[in-house]
Amino acid sequence: MIFKHRKVLYRVTFVLSVAAVFMLGPLGGTAPGADSSFDPAAMSDMSDFDPNNFQQPEGDTIKLGYLQIMSGAAAGNGELFWPVVTWVAHDINKRGGIMVDGKKKKIEILKGDTQGKPAAARKETERLCLEENVDLLWGTSGSHTAKAIADVAEEYKVPFLNCLSLSDELMNEKNFNRYTFRTLSNTTQWNMALSYYFSKRPETKFSILCQDYMYGHAMADAFKKYLNKYKPEAEIVSEDYHKLWLKDFAPYMTKIMAANPDILYTADWLPDGDNLINQARSMGVNLPIANIYITNPDTLASVGVEGTRNMIFCYSWMSGDTPQTKAQKKLMKEWHEQWKTWEAPYDSLLYIWPDFVVGQTISDTYWLFDVIQRTGTLDPEKIIKVWEDDVYKAIQGVRTMRAADHQAVFDMYVGEATYPTREVYEGAPYSEGYAGVHKVIKIPQKYCTPPVPEGLKDRVE
Amino acid sequence: MIARITPPAWTRWVLPGIAAAILLGYPLVFGTVYTNIFIHFAIFAVFAASLNMLVSYTGLLSFGHALFFGGGAYATALALENIPGMGLFPAIFTGGLAGAAFALIVSPLLNRVRDTAFALLTLALGQLAYMACIKLRDITHGEDGVGGFPIPDLSIPGVVSVSMVPAQNFYYLAIVILGICLLLMWFLTKTPFGSIMIGIRDNPQRVDFLGFNIPLTKCLIFTLSGFFAGIAGSVYALFNNLVTPDGVFHIMTSFTPIMMVYVGGIGTFAGPIAGSGLMTIIEEIATRYTTQLVLFNGILLVLVVMFFRTGFVGLYLLLKQKLFEKESSR
Amino acid sequence: MTGILETRDLCHDFNGLKVLTHIQFSVQPGERHAIIGPNGAGKTTFFNLVTGVYTPASGRILFKDVDVTKAKPYRLTRMGLGRSFQITSIFQRQTPFQNIRLAILSKNRIRFNLFVRVDRMNAINEQTNEILQEIQLADEAHLPTSTLSYGKQRSLDLGMALATAPDLLLFDEPTAGMSRDESHSAVELIRKLTEGKTMVIVEHDMDVVFSLADRITVLHRGEILATGTPYEIQENDAVKKAYLGESEV
Amino acid sequence: MDPMTFICVTQFVHGLAYGLLLFLVAAGLSMIFGMMDILNLAHAYIFMLAAYLGYTMTGLLNFWAALLLAPIGVALLGMLIERFMLRKIHPLGHIPELVLTIGIGLILLEFVKWIWGTQSLMLQPPEILSGLLSIGVFRYPVYRVFIIGFSIAVMILMGLLFYKTRFGTIVRAATADAGMVGALGINVPLVYTLFFGFGTWLAGLAGVVVAPFLSVFPGLADQIGFDAFVVVVLGGLGSMSGAFIAAILIGLLNSFGIQFLPTLAPLLTFGLMAVVLSIKPTGLLGERQ
């Protein structure tokens, strides 16, 4: 509904924008100060959505290139976000599409298999841009593959929504390009939020266990830096880096236990994160584990209530019993209802809620199309103009796209896992058999906004 | 005796001429995507041919050829990143030298083993390079790799300067460099040194008794093979403007040329080139229409080993022979 | 008196099992020397020590007055030692021409030439053809070696040893596994090819030994039993005992 | 007990448990290579298949049934591979074998993805094997104790099979001289097939034992496969006792490395391998070149 009324460029005049804010604000749409917002009321009836059977629209469409790892051992990445992009596309298509260049167009999704390798990512992106003429790019897991995609995006001037790679370097002076927008919290945001959170907690002794490569070290360094800033009295009692795909965590656990910390910090992703918590708990290490990626409900359910109790999660999107917006509640409930009808592979616990990364990417994808809607054209230069400095009231929280470095900034959330969680969604327990996030604290944007890289400060005045 | 009519000399140039014309016109006809696919094919053809020097001509199966390929790729990328004003050809040559240097360094160790032990030792060395590349974050930028380095123009001072960023321009550079590499490797097999290589493959003991220093000879073979693999890696680095451990040092980077050599036809010079072409086509079809690239590769390998041991080139020769026989029987 | 090849106190054992003990052996230039002895006497081990396949447990080997005790086979070959093998050792997948050419390359000290096509090296190819003529394989020069008869393959093995123009030739049972006729022509060939050359031959077949050698050493249980002219050896009691006596006991 | 002693004892047990687990994974690989001269690059994928089978069977029946049945399942698969593929190409030398087994591995990878999906699956040990065992001041996970005991039991079983049974005698004789054994009227190809089945059965055991220890996902083969090769190479190609020593060494080096040389720990295994291979290219106890 809200989309319908905005055929004209939003920010043509200040008056018009103020008028729109006042007109649509009460309808649950745009918050004061935001350029646009997600409208839960506009969401289509999703009862006919099936990620296994996405209906591609025909004719003249908006083409979105979905770039992910779809073959080989890491193909799970490509599978995980397919319901995300198709969900948003299905919703918008059911509403009739988006008015661009004077024509209502529906969203078509074209897959590109990055194989998790930069060379393949580059080739696939090139193919999508040149042969399929995609209008937008969406991706991807792995900062190095995201870099390859960003390069091609720049070359062929196709806007690229990077909602999955978090390396700070990806958007620094050297690697920045105008066509890439990052909506995922970067290394600094994440660790600022966690550090700020710990400054409000009594614990002072921390152990760090991260993966021994660039990402693990970058995360740990940022954590140490900001912990020192927000909580100078905190002490790092042990700091270790284990090799990727470690088999046996026991030696590290013995070491950590000897150091006797209050909190164990890890940035491990799968499968290391899963193995870390599982083996730690089986060895009787019951420390609170502050983490980023050990959020897979499958894993948590397998570790069980006792094991997951007092884990600490940090994300830019979090459900549990956070005070939630209407939009968030509606999305959570709607998705969960639909999930019950999905078939393999989407019937697994992994997809039970659109939480953490799933929620965040859904929200970011909606943002992308909201920007397109408001731009009213697929001209990349105009899209960039609208998106830069855009303030969007997303499904959860307000997100601002910094014009200088195309990094989205927003509030972060840190939550502690407890059990049982209060019933949030009528008739559907949020977590069953494991401790879900609870006691969620919002970390205001000002405490978790990274500085704009020096060289990019003057880019936009 | 009946005087044979010798065809005029120019006819010898018909086929190479047609081939050259196709190569020259290719990017104009097929556009950027297929141009880049061709460059990818050419890079791996040279990489596989450099491995073939060991597999088919010296009888050694290397499972760690990514060591040389990656060494070349990283050398070029790091040189361009850190040395201002580095020229195009010096950068590529640096890659080749790095590949050769890596090979020279490991050759004393490799010289001590043969056969399966050789395969496993090279596997371990390749894996060590992968780990070291991730571990030496300060130099290699870890898993993010070295990217965004300046691609120098192809310039002859005062005469011409061409940007190598457009796919078409890069295509011609790549084709020339990779073509020269293939020619050199082919020529190598025709030299006395090439005969000695084949001798080592078939009967090392006899070669020793003929007065050839096998360890030293193998050292040179490794070095040459490393050099060409390094050049391939170097062109790969320029082509992608990004080298990462997963891209160049990963174990699959070592397996891919083995598959190419085998699928194309082991024991022949054309094998790896045909293999690279075939596997590039399969990858293209598989990723375009399915997400089953790995399955396709697996099935291809099993089929080739079980039913077409001579590979693509062998199959071609067989067909040619069959056709020829039919003709002569008529 | 120094021979072209000399061994001094040469001993060898395999994991403690003594194979050769204190071998004092010497070949003079121009001599045609045969080593005979029953199976297990240590003849092949002796060859392998002399040609650098094994390094002796103790003792020294001198070739042209140079200590080559620890020298590798290729080094000995370069110094002028040629060897043929008991089990034919040739390049089966190549043509006889290519086989011999490799030896000719070595003779011409062409080891690391990466710059010239080998087919265009006319001098090399001519020399190769000469050798092929000599060993009577000119007609089969470009056929796959694996299709040749056993006798011809033996000739090729011999030809490769000859092609490096050695000063001393070692033949390890050159007629092993041959029929009577083949053996006869092989002996003729060897006689012709080694005219005026120094050679050491290990052989079972006494006819071959007596028709080729002018001096004979008898090895028995790792020791030298006797050395002398064929006539002396035939008359030697110890040798008789070793060969005949034992079978009677 | 002073803390350092406590830590050292604990790390020693960790190293032992991990080393024995590695041995269990590598045993079949080493054995098949030693007796049949086949380097089975699909070994790790067969191991992964068994882990998945173990996961499913534990859900359907229980862990013990899985431990019994899943290895038999993969052993049958192994025997089919040997009978209809490897046997045909064995005379052609090593390269086709290596290429073939890579191909089989890739197909198995896609197979498990097709059946079980791409997500990681996690299994808890059965009730009796979960929890902690207390001995004095030491508290140690029961499942890790089980891994130690089980691996040792398997090793003893293998020893008995090779040195006390007729099958073992035949296999050892066939390794020395297959032609001779064949001449004695023994069906050598059948012995090889059974033997290959036995090797894959061991991979199967390892797979089921690993399932409650590591999350089961399509990358499991890559995760553990390379370590198995390190064990085999380091121990000496084809030497069982070498593989055993190498596995324990790697396990201990791993846990003590993590404790005392943390920054180098991930490279220690390679360091050990480089040193051993430079001194003795055939590995610790290997003789075969």
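The letters A, B, C and D name the chains in turn, as written, and every chain counts its residues from 1.
Note that a contact is a pair of C-beta atoms (placed from the backbone, for glycine too) under 8 Å apart; a residue touches a chain by one contact, two chains touch by 3 or more.
This structure is a prediction, so every number in the text was calculated from the model and none was measured.
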| item | value |
| --- | --- |
| Chain located farthest away, centre of subunit C as origin (C-alpha) | A |
| Chain with minimal offset from the mean of all protein Cα atoms | B |
| Between the pairs B-C and A-D, the one where more C-beta pairs touch | A-D |
| Chain centre separation in whole Å, for subunit C relative to subunit B (CA means) | 43 |
| Whole-Å gap between the CA centroids of subunit A and subunit C | 78 |
| Whole-Å gap between the CA centroids of subunit A and subunit B | 40 |
| Per-residue overlap in subunit D, given as positions that touch at least 2 other chains | 109, 222, 266 |
| Where subunit A touches two or more other chains at once, by residue number | 72, 75, 212, 243 |
| Junction residues of subunit C, two or more chains touched | none |
| Chain pairs that touch, as defined at the top of this document | A-B, A-D, B-C, B-D |
| Residue ranges of subunit D touching subunit B (in the complex, touch as defined) | 33, 39, 85, 88-89, 92, 94-96, 98-100, 102-107, 109-110, 222, 226, 229-230, 232-233, 237, 266-267, 270, 273-274, 277-278, 281-282, 286, 288-289 |
| Complex contact set, residues of subunit B against subunit A | 31-33, 36-37, 40, 131, 134-135, 137, 141-145, 147-148, 236, 240-242, 244, 246-247, 250, 286-288, 291-294 |
| Subunit B-touching residues of subunit C, taken from the complex the two chains share | 51, 72-74, 77-78, 83, 85, 89-94, 98, 101-103, 105-107, 110-119, 121, 124, 160-161, 164 |
| Subunit A residues within the subunit D interface of the complex | 72-76, 79, 212, 240-243, 245, 247-248, 250-252, 254-255, 258, 270-271, 274-275, 278-279, 282-284, 296, 298-299, 302-304, 344-345, 348, 350 |
| Footprint of subunit D on subunit B - complex, ascending | 55, 61, 63, 109, 112-117, 119-121, 123-124, 127-128, 131-132, 135, 251, 255, 258-259, 262, 266, 292, 294-295, 297-302, 304-306, 309 |
